[in-house]
């Protein structure tokens, strides 16, 4: 099939699904809605696969295609088209989005079976997929921004899906506003980049970027990259704008899986990778990206240590993992970042769906303190979740191991990275292992603390099937990026000679090489790998010790470090800080502005002007006292005044 | 020094001021009217001194003879006596009125003196007949239109005054 | 003749309506006539030469030849869409009045149609005095619309509206007269035509407020700034909007405010280029202040309509910012924002009016859960909200984007806070949306439940539908609109320091 | 010692000043007297002052036109007095007094 | 001696005709008891008189000359020129309108009607005399004829108290101001040795340089005229008299006296050659203009009585008109300035007739003082009357496209042309203040609910109102030929002047 038709179908299918479901939004038939929604995304997925295949058949240099639809907007020398870019990078994203998306749609059929507005739900989901595709496929920054805002919008709608609950509605709004802050940065980035380069088209930007030489602080490119990164911070929930993501868990769990774990939140990473030729010439911006990523990874992981809401733990974990991706992107390991993006999409979607399955089974309960021992009640969910656990903590050869390791290794090795960053990354890996193990322990293993009135049960097939697929992907997903160094492995090394680093190869032409990266010894790489593994192993053991039912070590620790514990439990009081120091003052200030400037100043001035005129009128009235002698007196006084005034004759 | 003309002028002037002052200050309107007659006669004398004999005569006839008599008649009609409140109240406003008027007087006086001292005056002595004849000629040639127009005015006043005096009034009068 | 037809057809219709009797007859007749007017105005598109930056469809007849005042109409890419917007909104306002205006229906429609003539005349006149006549004339029908069919404080609001606007425009009148005399001095022949005004070179001394150009510039700018309204001259707007009946608010927000920005674009900036450049910082500053201020103040409003009114202040601030960016992005964005603000804020006022007709309250706190009670209404409202907060693929985005780009290209210090205004814009709209539509059903909404047909009626859907279509059309295919204006805008921006307009040769 | 020659040699200036003073006295009468008839008398006084001015100027400038003016003014003054007195009679018939204080209804 | 040329006769024929016609009703009055038929008949004769006078004016319209020439001079007591032609026609039209108003107004359509007709016609004669006066003495006679007739007309109202008070106040202050005017005339005479305007013109610029008496005389004459046109602070009589007088007479006064007063002032200013080199006088006029505009407008804001409000508005308009006088006095663009000034004067004339006369139809009984409260809900019951009233008010406020706007435009144009930006600024600012109170009646008519008064059926008055509303609405749009007409009417004056 013609590639253009394929791409158009790919994009149009979810839109069509959205329209169909949207117009029958009153429908309460979850099956029909679900089938329409899922079918449209599966269509997309099939097309994506076809696109991928057709791209793969092309020679490497010819894998950068552009599908021009129409001129969108033009002003002066600014031109933006509606056009799609089909290249290895976008195809990876297409596959992830439509693939994971299909599974989550499928899962949703089961999950939303009891909801009374399923059509609306699937319409939103389809709309999201459509916008995500726009984001990924857009051949210029402006079109990317369309998708960028669009996914934010869908996220808003889906978080607030159960809008009768003010809190959930508020969470949606928080997500949208926080994203908007990022979007404002993104816009500024577009402006800056446009003014520096004269174009917003990716192809032209790539051509232009290498010609940039200056890289001083506040040089246009650096500024542009920083602004764009602010956009990414908002969308991908990095410090300081991560606060919306945990709240976003208010939405239905499949939404969390799709939007807030697998796809939308990774848009920031995608954007940076998409613009890698530009970022690479702005090392200062890269430095910021890396540090923000690393700090977020660590910071979020510490919060995740103490959370009791199953989805909150996963949410902070997502923030943390996103931090990894930015760390990778920041040190120039764009490929590794993409790699982690993909594997993370698999295992985090899996874990969210698993959590969804658990919540579904627990009749909406999300507190892990009220779970435990679910292993027996929900075997499939447990198994798949277990695979996800292995993947996220980075146990070889599960997916997370390869991607995380590549990021950490490149952090160490890249001239853009540093040991400090590596240390933070390593520590985060340990923390991740700890809180994930804790999650496993409290949820699935150990004694059951389930309240009596709740009867957990395994989810239906429509839900477990996606889990299984994702479980499989969590296992094998990492094998597309097996590092070359494995070939050096003593003993089994020969085995890896024939396993190429598929991903690296695929993205080869899309990514700029890290400038000045040195060849490193295999031994160093292995020792780095080993130390990470060591930390992970230690953390798992520590977690098991802490949360084993026999000793209440965890409680003792939390008592001993009660201050720290409270700090973590309350998420460093960041939300409270934002509310009390920024939002409330802003509202108070607005009220003040309105009262004091509008009502009491500008309007008052108007009134004062009126009063002056009126007062003058009253004065005139007073002069006009009815006494004709006074009138005559005014005449005389007027005559005298006038003559005096003219008295310099 | 002082010629007889000067002395006569001063006497008349003083008398004129006195009479004018009397008009304004007499509590009784009748006295005011009396002073007014005096002032007018005095001014008629001044007219004579200025060689305007005909005007002086008219002054006596029209003003003293007709206008003031009209005033007196009206006053007698009303049968008014001494008024308790002859002057408007308000010390401050009264002072202001006096002050402003005085100021006007001063300004006028200085200007006039200044003018008179610089102006070239032709004090041509003309006899009574000549002056009247000249006046008559002017009136019926150069100022003919004005003269005719005055007649309209007088008719207007006549008709108007009659209408006013016969006015019965509106609804209030009927009730 | 076409332009005259477009301008005066509504006036003729108003006279016709004066003879109609019976509410239903008048309403139906008005609807038909307004659609006729819209269709006639579409004929302009047919005769418009898209590639030309010149003045087209010109009609030029001497009027007061002593001062070179002509009956001079003409259209170019700048005014084209404003004219279409004006005629487009007319049937919608007529339709919107069917329920909200129940007294003195005939008078209302006469005012509405007369207002139409005045506004179209303002956009199409190319002669300063003709412009001024239409400009001032537009006050009177609006004055009556607010004053007669408005809310409880209508008199205060309408008088405030009238006096504010008049205060601004009288100084402009002096400016216009000065310009006319200047043409007389320079050319030996008086002329009140904009085209001759553009050719004048008025002395400008940088920094001096007393140089003729600066004085004139401010005389014109004040008139337009009040109309826009630019912070801090905006306080008449919330009052006028809150008190005006729904159709009045729609016209006020949809078209009348654009008269101010159009004035900047057509007169203040190209006539006084040096002053505009020199003082652009001031206007950018006020515009940004207005953007932020309007948004912040909107955030604390308790009345939906007032909130929307303040949002207008904020949005119109963008337009001014775009205009005073003085580059093609800014100008394009400003023009586009004028159109899209006309559509989306008009639609918002319509929606607020619809809910007000059902509940007779505009207190945000009394609402809640409307999304359950009135789902279709909520969807429509949401789409319009999106348009208002400039989400891409709705009409609001393009304008705002180009304005900000233009501002950024000119001066980052103004662009950055203005961009933050985008965030605030989303905040107050979504906050309102959340309070009104989400959560549990408010007391007032529960009471409404008892009424039948509470969701949008066919009429209401019918009048919203064109707006929704345009919202997306303008968002997805902005080029359909902008390409008509491109030549004019390019010409305007590229030559603005010695801007001149020519008339299409061969045109009568 | 002031220059007596100014005081002596009575000329135009003296007449004019005298007229001006009488005029101002008339003004004061109008401004201060409450009796309507006296106010009218004061106006007559002012007109007389004007007449005096005219005649003296006419005399010293050698132009008879001034006297014509005086002639007209006198006529009109008489007419005015007639109208005024007719009004006063009317008022007296209504109010029984001719005091200016009754006329303060129209004001403000 | 008694030589009256044909020219003299022709030029004075309107006066004569009016005067003679005015005698008919009054003579008839002597022979017949007063009654309804007699009233209509009187009005009929009056209108006939006015029409004939109009015919006479039209017949003479080509004449540009002096009449009643002085011995050995080309100039005479009267001047017949374009200003006179137009203004006289307006006065005559006003006369007809006033007669019709008189006939229908409750306060005036009563006893002594024939006398009223007589007085109105002779007041018009007085006005015509002022309009054509070329001599300060003649001007004075005209003013007095006009004023005395009006004093009596006011007093002849059926209303007992306020009308008498108004008549008296007007009388006292009018006489007082006349005395001041005459003093000024005397001084001017003393300095210039003549009272004839065309002769003063020849010596004026010389006298300004040397003669203090002339200067004071000029000031006093100007101020004396300022009283008639109610310039601040000489305006105090205006509201009281306008309010107290029966409405038809108020209309007559507000339109006629103001027109005539301004033409007199214009003639006087035009004869003062060299005034442009006397900054004190120019400043004086400017300050008077500013104060008058502001005083009139701010005082009108606080009025509830409609007539009083319009009276103050009339004061304010005097201020605007003074802008034109200042420009004329500056003499930089004499033709343009005079045309602009006269255009505003004439257009204001129409607006005044309409706006005052319409108050007449709100009066349900003769003592009724129409307040703004009476207008509540008027638009519902009397939509057309409300519409007409709104037209008048908006035109007074200077809202386009009504005549008032174009008047204001030409006037501001005059100011800008002569670089009087300061005046133009205050003019427009005070017109915004003015807009506030002009809008108030509209607010009450249209926007405040209430039971309005039921209007009496005054067909003739309404006819005139309709005519004047239509002319205000349409003449604005066709102001160009009007402007040209006014310009043509005065062009000769200035070309003649340049010959001298």
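To keep things simple, chains are lettered A, B, C, D and E as they appear, and every chain counts its residues starting from 1.
Definition applied: contacts are C-beta pairs under 8 Å (C-beta built on N, C-alpha and C of every residue); 3 or more make two chains touch, one makes a residue touch a chain.
Please read all numbers here as calculations on a predicted model, not as lab measurements.
**Student:** Would you mind naming the chains that touch chain A and likewise touch chain D?
**Tutor:** Both-contact set = B, E.
**Student:** Compute the centre of every chain as the mean of its C-alpha atoms, then state which one is farthest from the centre of chain D.
**Tutor:** A
**Student:** Sort the other chains by how far their Cα centres are from that of chain E and give me the top one.
**Tutor:** If we average the C-alpha coordinates per chain, A ends up farthest from chain E.
**Student:** Which chain has the mean of its C-alpha atoms lying nearest to the mean of all protein C-alpha atoms shown?
**Tutor:** Looking at where each chain's C-alpha mean falls, the closest to the middle is C.
**Student:** Looking at every pair of chains, which has the largest contact count?
**Tutor:** B-D
**Student:** Distance-wise, how many Å sit between the C-alpha centres of chain D and chain E, to the nearest whole number?
**Tutor:** 27
**Student:** Measuring centre to centre with CA averages, how many angstrom lie between chain A and chain E?
**Tutor:** 80
**Student:** In whole angstrom, how far does the Cα centroid of chain C sit from the Cα centroid of chain E?
**Tutor:** Here the centre of chain E sits 43 Å away from the centre of chain C.
**Student:** Which parts of chain A, given as residue numbers and ranges, touch two or more other chains?
**Tutor:** Where chain A meets two or more other chains at a single residue, that happens at 621, 624, 626-630, 632-633, 636-637, 639, 643.
**Student:** Can you list the chain B residues in contact with two or more other chains?
**Tutor:** Residues 88, 97, 101, 104, 108, 112, 115, 119, 142-143, 146, 150, 153, 157, 160-161, 164, 167, 169 of chain B touch two or more partner chains.
**Student:** For chain C, which residues are shared contacts with two or more other chains?
**Tutor:** none
**Student:** What chain-chain pairs meet the touch criterion?
**Tutor:** A-B, A-C, A-D, A-E, B-D, B-E, C-E, D-E
**Student:** Where on chain D does chain A make contact in their complex?
**Tutor:** For this pair, the touching residues of chain D are 27, 30-32, 100-101, 103-108.
**Student:** Provide the residue numbers of chain B that touch chain A in the complex, in ascending order.
**Tutor:** 88, 93, 96-97, 100-101, 103-104, 107
**Student:** Show which residues of chain A lie in contact with chain B when the two form their complex.
**Tutor:** For this pair, the touching residues of chain A are 627, 629-630, 633, 636-637, 639-640, 643-644, 647.
**Student:** What part of chain E is in contact with chain C in the complex they form?
**Tutor:** These residues of chain E touch chain C: 380, 394, 399-401, 405, 409, 412-413, 416-417, 421, 424-425, 428-429, 431-432, 435-436, 439, 442-443, 446-448, 479-480, 483-484, 487.
**Student:** Of all residues in chain E, which touch chain B in the complex?
**Tutor:** 1-4, 8, 12, 15, 19, 26, 67-68, 70-71, 76-78, 107, 110-112, 115, 118-119, 122-123, 125-126, 129, 135, 137-138, 141-142, 144-145, 148-149, 151-152, 155-160, 190-191, 210-213, 216, 365-367
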